[in-house]
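The data blocks that follow each hold one structure.
The following pair of complexes shares a single chain, chain A, combined with chain B in the former and chain C in the latter.
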Partner chain A sequence: MPDYTLRIRRYSPENGDAAHWEDFQVDLDGSRSVLDGVLQAKDREDGSIGIRCSCRAGICGSCGVRINGKPNLACRTHLDEAHARAADGVIVVEPMGNMPVLKDLIVDMDAVHWKKIQRVTPWLLPDGPPPEREYVVPPDNMIDVTQTMACIQCGACVSDCLSMEVDPLFIGPAALAKAYRFVGDPRDGHQEQRVRDLAEDPHGLYDCTHCFNCIEACPKGVAPMSQIMRLRRIAGDDHHVEDRNNGHRHEMAFVKNIEKNGLLHEADLLPDSYGGKLHPRAVPELVSSLPIILRALQRGKVTPAGALLHKHKAPKDVKRIFRDIEGREERYELNLYVAGEEEDAS
Partner chain B sequence: MKVAYWPGCVSRGFAPELHGSMARVAPLLDIELVELDRAACCGAGVIAEHNQELADTLNARTFALAQQEIAGGAELMMNICSTCQGAQSECQERLDGNTPYRDHVNATLAAEGLTYEKGITNKHFLWLLVEEIGLDEVRRRVKRPLTDLRVGPFYGCYIVRPSNRLGIDESHPRDTYLHQLIDALGGTVVDYAGQYKCCGFPIITMNKEASLKQAGRHVGDATDANADCLVTPCPLCHLNLDLQQPAAAAVVGRPLNMPVLHLPQLLGLALGLEPKELGMNKHVVKPSSVIDWTTSVVAAA
Partner chain C sequence: MVRAMPAHDVLIIGAGLAGQRAALAAARQGATVAIMSKVHPVRSHSNAAAGGINAALNPDDSWESHAFDTIKGSDYLGDQDAIEIMCREAPDEVLWLEHAGVTFHRNAEGKLGTRAFGGASAARTYYIADITGQALLHVLYEQLMKHHEQIDRYEEWFITDLAQDDDGRCVGAIARNIRDGAMELFSAKSTILASGGAGQCFKPSTNALICTGDGMAQAYRIGAPLMDMEMVQYHPTTLAGVGILITEGARGEGAHLYNADGERFMEKYAPNKLELASRDVVSRAEQTEINEGRGFEDGTVALDITKVPRKRTLEALREIVNIGRDFAGVDITREPIRIRPGCHYIMGGVKADIHGRTAVDGLYAAGEVACVSVHGGNRLGANSLLDTLIFGRRSGEHAAKRAAGLGKPKPVRAQLHDSERAIGAIMRRTGGRRVSEIREELGTMMNEKVAVFRDHEGLTDAHSIVRRLKDEAKNATIDDHGTVFNQDVLGALELGYMLDVAECIVVGALERKESRGAQFRTDFPKRDDEHWLKHILESRNGDDTPQVSYSPVTITQWEPQERTY
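Then we have the complex of A and B:
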């Protein structure tokens, strides 16, 4: 049987030692999982290795760890795949990030992940009394929320969320995806309050930096970032929430800028993001950005004539597209997760 | 080779030295740039955040314009902005993945006589260098190897994630191409913690502190790893890492003085162009104030 080396990050709060790496040899078939590997090491070499697991089949979400630096389920990652991606052939297994380590590979999900899930009121809040018989939900609506319902709460996305890394208060990918699960459910009666609350929170909807790490991390295809973008559309465009974080204003300034110019004109974007050059929010922001803008001017980076007024050659066609699409009664949103893969028609 | 060239907006706006250096470098590699000057901004993910169909239609239009050039002899579409690559790949995934949707988008384009046919090849300059031109060829054309220059690759987000959408696999390890290129140019690759992280640019108007903290951390990590400079394939990363570097330094509470080069600038140096021709005097952190070109690069010529 092939041998694999697992390099496991060890930490025990009770013995006072700093976290450190330990190598273990496991002999298992390559199609067995990294979790099987860790459990073999635990069984044969050191019973004190800490890891959470239950179903061993990618269902319960207990076994989230980082493998070779990337978050995943230990039970769903084959040893041979992990080995192929390992630098120097050593499979590195460490606890997930953004959460305090309790012991070895076990992180404190309560302190971070579950607290954030609670933050979004993760249950249905129907309006008015329940119907006499069951609620009737159109199938399309149900399919729409299945993507977020696929979440198994493993925390992999939370582990590598880059906004949370610098702002621990950020509500984060898993919880915001969960929020969409209820915002998108027609039985819920608090859509507007929910999105307003999340948009107004300085650590909410608009604190996501669009880094795709959560999409990359999620073993269940939940694509939390895509759900966050859908929440932004619902907040800004359906409920006209003008959040105090300037999120929606920035989005609209950008969109209008392109509509007007065809290409992005950054010089207008900054003040417009704060509500226009004379908007009270814009003034302090512009003043604080002044040194940077001046520095750019000084370097000859920004010249009004050459750089900022880059003229677009087909503004009419671009404007027409904006008019056509923004004039539609409803946004047309294709979700490939829902639409599924196409047979090759050609 | 002839390419249908999408320069993006930032390379013509706040980072003109990118467009300029690309234009200088292209002939040295026998690349003919046919600029898609009627195409509109890719939306940088923000238009898609507002209205997906709008972003998809604008980019389908760009692809259709590129396909006209491809029919006229260009080999593929090329861009020089990771954010364009990511945003356009996302739109392409939807357009290529669903025929009724593509037909619907094409119906909007029909007014202009344009149609997007499934399956355009749209590659960032970095991918084109490795996959089309080949690093051996690049190596042959190096006039001034970047000997002794310690370069930290900054990939950012849009060009490496999500990996399946961006076609990253064993045969296309696109998340290592900056490493490979630095090496091919004779420089030394410096690995540091933030090389695949986010520069923070998308939230600069929403949560400035968190945004600048990201930029400041990565630059600080690269400093600690003794990099002489960073190189990035994305002009938006460049805005947060270079233009905002003094502000980022204030947020993270440590002095930072790290030059950040655009990809064609680093390449251009090795191909023998002068820092000034490549617009390197336009950066906020002046590369010449930090790197002694006479010992790092020029002396090795």
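Then we have the complex of A and C:
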């Protein structure tokens, strides 16, 4: 059988040693998992290696770790794949990020992850007493929230969340996805209060920077960032909640700009993002942007004529795309359970 | 100074579906509740029950039909009074879950929709894609968080022993905080075991690594008898090697089984129900094909899910699409996947009545750890979630009512010191075999000798091996001598639990000289109602060997018949 080397990050709070790396050789088939590898090292060489694990099938969410720097479940990462991606042929296994390490590969999920989950009032709040039989709800809504029910609370998205690195108080991808599970559930009677609460929290809905890390990290296809975007759309479109970070207006400035010009007309973008050139909010922003504008002029990135006299008009095709999308009755859903999986080329 | 002992009306050990349901029910009765588990509640193995939960909720269906299917599935070893209760209460339980927030699949009208499942005469399985157990578990945990003022959660606490007062009543438990190694005596008026099964006695197994029979062994050690321990279910569709489960939902949705010659072999064994016969029947059919040389070279047969429309598979069997890809490298929507029977569930457990009461006063049991018995010789798919919820709730209610009439319990503090000393002694051992080695030998041996087909010779062998391993385990060594997350020392305790449970499984299988449900004896290939329509009970006697006795099967309205599918 092929040999693999696992380089495991070791740390014990009891012996006074700093965290350090330790290599273990495992002899397992490449189709076996990194978890199988860690457990073999634990069984044969050092029973003190700490790792949470239970189901071995990617369902219980216990064995979230970082493998070669990327968060994943140890049980669903094959040794041969991990080996192929390892920098020098050594599979590096370390605890998840954004959470304090308790021992070896075990992190304090309570201190971070579960605290954030509790922040979003994580239980159904129906209006009034339940019906005699089941709530009758559209089948697609149930399939829709099933995507977030597929979350196993493994913490991989939390581990890799860039916003949380900068703002540890950010509610974060897992808890916001959990929030969508109630906001998107037609039986819940507090949709507006929920999104308003999350939107008004300075560490809430608009703290996400769309880095896609959580989508990539999630082993279950929950796509937390998509759920965050859907929460924002519900907040903005359905409940007229204002985006406190100006992100929504900025996005709409792009849309308007392209609809009008076909190509991006950058000189309009900034003022439009703040409500137009004459909007009181735009003035200080424009003033503070002056040095950037001047540098851009200096380096020839923009010319005064180009900036002020953008003549390009959107072609018919662009207008047609806009008509097409705006003419739709329903929002385009960022949900694979509803939208279906993309068929491959064959 | 001695710290105050944590004290509750009801202590629940295990936080899967049975435990969480018990906690919510007990809290609703006004009791103070503690729920304790060696893992975080959402890591519990209830997660793995993928396919669904049975209930005769549809107006065209009836609880009697559900009950009969369950009784026939049990090969008439199930107690019919308990089965009647489970099937009668199932519809209300499913509605309770729906109201609590479970995102059940809906039909086109927006009402609860069903899928077909094995051994059932109607499509009565309610589900959430193929993550039913997971969705239920996470929604119940939402409710635990909601009721946090009444329910104290002790997450990642490992129970070492049940506590008894001087009269032998169960009055709580002794537990170790996994996070810092602190030992604590928890006092409780009523204690409910909801700690799940013991699949790790077998290797491979579909069961999680935490399913080490803790509660069964703990109850057995304080004198509560175990019942029907020989009844170990082999699930028909598990992946070779690692033993990971492919849900019965796949066959419920229309997948077929083929042998290596391309024959749909279930036509021979169950001409009417085909792939949807009871699990024991399908597993035996597969094993027969494999043993007679019609399987693939790796000891498997093929499960063909390509029969199911791709869109439906992606929507309703999404998890096994992932499992096929991640654990077998197979796209199940395009090609068959190789499977074989694998250890999955134990129908036996701590003997409990319809209120969850065991033979020890103050001790209840619910879920897989218990044997009420609603599954008898063979459990139907999608009845396990139901069992956990119905008997979890009933235990929680009864335990809370019992506690309301009782004074302060009197646990014996010396027991805490005994448990502490026992752990210290494990850490000081030298020179013995590694715990992991003994566990490996046990699992491999059990899967070889106590599997789908059993005989006297193999079982006798198995018994002497278990006895030897028990001796070796007394001196088995570990590496970790620390206090923070010392999983090594917990592994040594788990090995002790597994060996007690394994011995009871083997002794029960040796004792039952007939073939019924999951127990198939090649030396006694027929069901023998005259001699063996009875439960086998095993109690621990003084010299640490199981003492066998019997109890009758309760029959209400369904007399045993020949069982065909």
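Basically, the second predicted complex is superposed on the first by the 249 of 346 C-alpha atoms of A that agree within 3 Å, B and C clash if a C-alpha of one lies under 4 Å from a C-alpha of the other, contacts with A are read in each partner's own complex, and residues count from 1 in each chain.
One rule holds in what follows: contacts are C-beta pairs under 8 Å (C-beta built on N, C-alpha and C of every residue); 3 or more make two chains touch, one makes a residue touch a chain.
No experiment lies behind these values; they were computed from the predicted model shown.
By the document's definition of touching, neither partner reaches A:A111: not chain B, not chain C. Look at A:V166: by the touch rule set out above, it reaches chain B but stays clear of chain C. By the document's definition of touching, neither partner reaches A:A19: not chain B, not chain C.
Of the two partner chains, chain B is the only one that A:G247 touches; chain C does not reach it. Within the superposed three-chain model, A:G262 lies in touch with chain B and out of touch with chain C [touch as defined at top]. Once the two complexes are overlaid on chain A, the chain A residues touched by chain B in the first and by chain C in the second are 341. Only residues 9-10, 12-17, 37-38, 40-41, 43-54, 56-58, 61, 86, 93-94, 97-99, 101, 104, 108-109, 111-112, 118, 157-158, 161-163, 170, 197-198, 200-203, 205-207, 210-211, 213-214, 217, 243-244, 246-247, 281-284 of chain B touch chain A when the two sit together in their complex. By the touch criterion stated above, chain A contacts chain C in their complex at residues 12-15, 31-32, 36, 42-44, 46-48, 50, 52-62, 76, 78, 102-104, 106, 109-110, 117-118, 122-124, 126, 130, 133-139, 142-143, 145-146, 149-153, 181, 185, 187, 220-221, 337, 340-341. The residues of chain C lying in touch with chain A in their complex are 39-40, 42-45, 47-48, 95, 98-101, 103-113, 128-129, 131, 134-135, 138-139, 142-143, 145-146, 155, 179, 208-210, 242, 244-245, 311, 314-315, 318-319, 322-323, 326-327, 329, 434-437, 440, 478-480, 482-488, 491. Within the complex formed with chain B, the chain A residues making contact are 84, 162-163, 165-167, 170, 202, 206-213, 215-216, 229, 232-233, 236-237, 245-247, 250-252, 254-255, 258, 262-267, 270, 273-274, 285, 291-292, 295-296, 299-302, 306-308, 310, 312-314, 317-318, 320-322, 324-326, 328, 331-334, 336, 339, 341-342, 345-346.
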